[in-house]
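Listed below are the structures to be examined.
Two complexes follow with chain A in common, the first pairing it with chain B and the second with chain C.
Take a look at the complex of A and B:
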């Protein structure tokens, strides 16, 4: 469901390996990421480049992750496919999340912040 | 005019499994962002049925039909679960930016061109219309 990649600067890239981030998988996805946060990883990049569709429950899971990190760290999102990007725009989540084209760009931004 | 009809089990996994078939049918009339919006609306509507109409109901099912009209797609979602409260589909306020739920209804209302909801002794029916690309551009 997620592939974990430790990058420089203490940034963790979590690549979602599901093609659909929806109500069917969102609770498990959220818990896996929360486990990483509780383990002390609070600078996270959520790489959605393999995700073709996100529903509101998947989006809600990501908001929950953002809230759990809070002021302890940073969360960035990258690799939005067109349908996922549309979901972010429709729900105005493009104003809530820091969004980058790819994982390298997101990691670079978190390393500097 | 052709009509696609199918029945799925009322689970989130079955909604996910059916979505590609529904999108393929809609792709006969819709494309690009309008097709993506169709998928969002249908998935949110089906998930609402699973989550609310059939809350704690095992072995439930949802009927889906997609009718190809001359200038639109008409989607009927039918269930025999609990009816939605009266004003549910008349309006929806935007969820707070950091809310973890509550966006589904506004997405349905925002993505469908027309919406009607009927409830009676035979069950519930959500009637969604999506104008075809050509009709939408007029």
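Take a look at the complex of A and C:
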């Protein structure tokens, strides 16, 4: 479901290891990320480079994660594939999330903020 | 317990029945296989004790036949073998026997075998009654869902309506009996009409309940008041999104939101004014041209606090066709996981430019089923086609 990778500056990279982030897996995905937030990890990079498709429930889970972190930390998204990028543009979530090409770029940006 | 004893040997029958009756069992005697089968059909006996060797239908054949009967209950078969032979037991197990005893039958062994039969029978009866209760509960749920589906369909407009010079045609294909999709179209006075389409995130009962609440809220009166307002000719579709956003911000709960498209057509101005709140971009088909995408997106309703909803517009003239489709169209996935996509959909409708909307709508549904290779769609599909005729 997710692969956790601790990076410098206290940034956590969470790579989603599903090809489809949909209603079937979204609740479990969200819970795993919330567990990390509750454990004090509030600087998160969600790496979606393996995710080919996100449905409305998957997007809802991502926004739920963003809301939960709130002002306590930072959430960045990286590795958006075409269909996922299109979903983010259509719903203007490309303006709400900080989006980077890859995990390194996202980690670099979060380290400095 | 009620027990049938099938044995061709009279002394053996008497010996067994005496033993069983002494220990409080009801016994019915059968001289051969045929009689045993008749007895099983006639009464509710849960246990059959049969000898392997009988003229006519032997014990093996009897066990096979009993297993083939539809008695509505399990019959525990205890087979009495003449010789303690493994081969007999193997054949007996295959024929459907549950347990074996060898002659001469010892009372202690028999009673022990029957106690284990009783346990199994009780367990089987429990399971049977639980299954019945589950089947009944399932029937109730399905009936409730069907009623909910009927209520939901009653909210949707007629499949074809002419408002001023705009013909609205629609189709609704829910993925299960209930759906998170809702839409409508409304008269906004002479030369003006409007429509909305919404898709609640997620599936199932929860999404459907929200969709029904949304459908009831967006009445003709509500839509007219929001979009037309008073004392102005301006059409304000974004007001629908704003008011619904405030209304549903708290109520949907747990990451739920909905995407929305609201459009209003001013025939004199030859314009479509719209607000797109995360709903897929509609396609605009002009005579002799390829379909083009309308709108660049927007924040969904009830997703974020303090969202702003924008108004845009595009020319909409005589002969133009607008196709508004829920994401169930573009997100329909093939067996290999490839999405149907906007490009394919755009090509499909471009090739059917001159066709009546009521002919195109079922063709789209069929194309999606062909694409997915499934008997039913995985997501709800709602489509509105608006043709500017005059």
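Note that in this section the second predicted complex is superposed on the first by the 113 of 113 C-alpha atoms of A that agree within 3 Å, B and C clash if a C-alpha of one lies under 4 Å from a C-alpha of the other, contacts with A are read in each partner's own complex, and residues count from 1 in each chain.
Simple rule for what comes next: a contact is a pair of C-beta atoms (placed from the backbone, for glycine too) under 8 Å apart; a residue touches a chain by one contact, two chains touch by 3 or more.
If you're wondering where the values come from, they're calculated on a predicted model, not measured in any experiment.
The superposed arrangement places chain B and chain C in clashing positions on chain A. Contacts of A:53 after superposition: both chain B and chain C are touched. In the superposition on chain A, A:23 makes contact with both chain B and chain C. Between chain B and chain C, B contacts the larger number of chain A residues. In this superposition on chain A, the options for chain C are 168-176, 186-194 or 312-320, and chain B clashes with just 168-176. Common to the chain B and chain C contact sets on chain A are residues 20, 23, 53, 55-57, 59-61, 63-64, 83, 90-92, 96. The touching residues of chain C, counted against chain A in their complex, run 199, 201-203, 254-257, 259, 278, 280-281, 296-300, 303-304, 327, 331, 333, 337, 339.
Residues of chain A touching chain C in their complex: 19-20, 23, 30, 52-53, 55-57, 59-61, 63-64, 83, 89-92, 96.
Remark: chain A residues 20, 22-24, 53, 55-57, 59-61, 63-64, 66-67, 82-83, 86-87, 90-93, 95-96 touch chain B in the complex. Chain B makes touch with chain A in their complex at residues 11-13, 15-16, 19, 33, 36-37, 39-40, 43-44, 47, 50-51, 94-95, 97-101, 103-104, 107, 110-111.
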